[in-house]
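Structure below; questions to follow.
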Amino acid sequence: MWTWFYRLASPPYVYRTAAALTPWFFAGAALMIGYGLVDGLAFAPPDYQQGDAFRIIYVHAPSAWLSLFAYTLMAVAGAIALIWRIKVGYAVAAAAAPIGASFTLAALVTGSLWGRPMWGTYWAWDPRLTSELILLFLYFGVISLRQAFEDPARGDRAAALLGVVGVVNVPIVHFSVTWWNSLHQGGTVMRLGKPEMPGSMLWPLLAMLAGFMFFFGAVLCMRVRGEVLSRERQSAWVREAVIS
Amino acid sequence: MKVGPFRAMRLILRRELSLSFRRPDQLLQPLMFFLIVTTLFPLALSPELSLLRDMAPGVLWVAALLSSLLSIDSLFKGDADDGTLEQLALSGHSLSVIVIAKTIAHWLVSGAALVAMSPLVATALGIPAGAFATMMFSLALGTLTLSWLGAIGAGLTVGLRRGSVLLSLIVLPLAMPLLIFGASATDRAIGGQSPAGALYFLAALCVFTSTLAPLAASVALRITLE
Amino acid sequence: MQADAPELTVDKVHVWRGERHVLRGLSFQVESGQLLHIWGPNGTGKTTLLRVVCGLLRPEQGQVAWAGQPIEHIRSDYQAALAYGSHEAALKGDLTALENLRYAVGLKRRVGDQELRAALDRTGVGACADLPARVLSAGQRRRVAMARVLAMRASVWLLDEPFANLDAVGSALLARMLEEHADLGGMALVVAHQALDLRRPVRSLELCA
């Protein structure tokens, strides 16, 4: 019963599927982000407290969500590769890491830009921002560890293991940082993504979230193809695929 | 007659301890590092004890983390360089047994020594004697947890030529919750509040890493031994 | 030593080291009482092969089986029954020769110092038993490593260039050890550049680039 699973995970299959999916993901991303940007920036009502400054949420919240999503995906792909020795998992994990790190960076930058009008400073030790920063460090660790090995196969496995260890740590970091912050600041900091947000603000946010997911999927597919090609460059199917 | 896992652990523990005590310099260096780093802060900030007292838990914990990291780098490196790590890995015992024994040995010569020395540093930083018990207990839990986390990092970086910076890069983000709870427990004890909450979290983290880290570190070793 | 003579089977083993396809579908079988001499030019995967056989390196394809079972399934039993001599002597410089043996052999089976000293005597380094390994010469360290293999009483010996740094007397001694081991029903895989000068038949496996 495992054969279909292994065939699904075979490099040529993954390579071709990723190629076929990329344009669809890009189309979805363009559609959703286009709608979300127009509706969110032009039509959604300004926040009664924050005015127009709140509109950065349409970039910030999806970036923050994807930074976590990409890390989890990377860890799961790495775990699958480690446990079932499915090499494509390493390619997916290696492809996801820099994208996730970029989203983390985007979330940090937009968060600190948002902080300027809200807190009067670019950086406050807000629990969400702080755990986002630690998440960025976790990404750095995984990426540098993979690169530190001369033998890419060992680098892949070491990075996959570190990703799994890190994903266990992410909730602990988030909890401890929240606890630390409440100890020092008494919970005066604003909260993002409250569910009681009115629909006119929420719909563009959900659209942006979906758009970012599509965009992530598209970039991931492209990077996975690159990783698969470079890993399988010795094999016959790559020669055929590249020549044809 | 076959050798059971507990006998194997005792044997490895004895081996590690006798190796450490034949190299007292390597034992003392992290402790001296701990002393020197904590001396930097009064020089950089101010000799005012009241100001230092506010900073003391943080200073103490940061210094403890850094000095433990300094010594964890050699947890597997020496054995990997001279080939004895392969002999251990082929001894017929699971790598977890080896990791557990080596990490406990490491903690006994680095973490426990650091805990024993901490009152000295704490006095110099103006921490009242009443907070020593909490501080030492939290440091004991924290350094043990850090040894487990460090074992994962050391296992991952053992085959690399310049692994020690990378080791810090990997382990420090994982250790940040420790710093939060540890420093806060000490801080509350100094302020006369109950440190129980933070200590519970520290203890929970310690138990959690003690169970999972040997597993993760043995997978890491298996990867890097290949 | 097992009575029912387990055999070691290497079945279509493939190993890549980075870009290089080092072992390409290598298969062979060694039975108890047999000695296998592995030789060939540098870089043809002799050490890699030994590391695969002892279970440190998992092959990308193929498997190694001992007594009919894949070694991953019986790792602890298998490894308890093997003695691996890497091409370095694998001694701790700060421990004495005797302590080195005590910890390395003691993890495989319960053993007293008397027996370890006897093994060191046998390989001609009994006088160095209480010296730290750091002060021993390369040849003496090699002999301590020989004593370790001997004291493990393993049925499978995997030796990587055991003759390196040994003088004529030491080489002859090692040759006698191998003969005795095979006579007692053990098996050995020996990587060596020179021919094995033994009084019993030796199978030979040449690895090519």
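A, B and C label the chains in the order they appear, each numbered from 1.
One rule holds in what follows: contacts are C-beta pairs under 8 Å (C-beta built on N, C-alpha and C of every residue); 3 or more make two chains touch, one makes a residue touch a chain.
Computed from a predicted model, the values in this text were never measured in an experiment.
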Chain closest to the assembly centre - both centres taken as Cα means
B
Among the chains, which is located farthest from chain C on the basis of C-alpha centroids?
A
Would you mind telling me which chain pair, A-C or B-C, is linked by more contacting C-beta pairs?
B-C
Averaging over Cα atoms per chain, report the distance between chain A and chain B in Å.
32
Taking the mean of the CA coordinates per chain, how far is chain A from chain C in Å?
49
Need the CA-centroid distance for the pair chain B / chain C, whole Å please.
36
Indicate the residues of chain B shared as contacts by at least two other chains.
226
Inside the complex, what are the residues of chain A that reach chain B?
82, 134, 137-138, 140-141, 144-145, 148-149, 154, 157-158, 161-162, 164-166, 168-169, 172-173, 175-177, 179-180, 183
Which residues, counting only chain A, touch chain C once they are in their complex?
150-153, 234
Listed in rising order, the residues of chain C that touch chain A in the complex are 16-19
Of all residues in chain B, which touch chain C in the complex?
1-3, 8, 11-12, 14-15, 18-19, 22-23, 82-84, 86-94, 225-226
Which part of chain B faces chain A closely enough to touch in the complex?
152, 156-157, 159-160, 162-163, 166, 169-170, 172-174, 176-177, 180-181, 184, 201, 205, 212, 216, 219-220, 223-224, 226
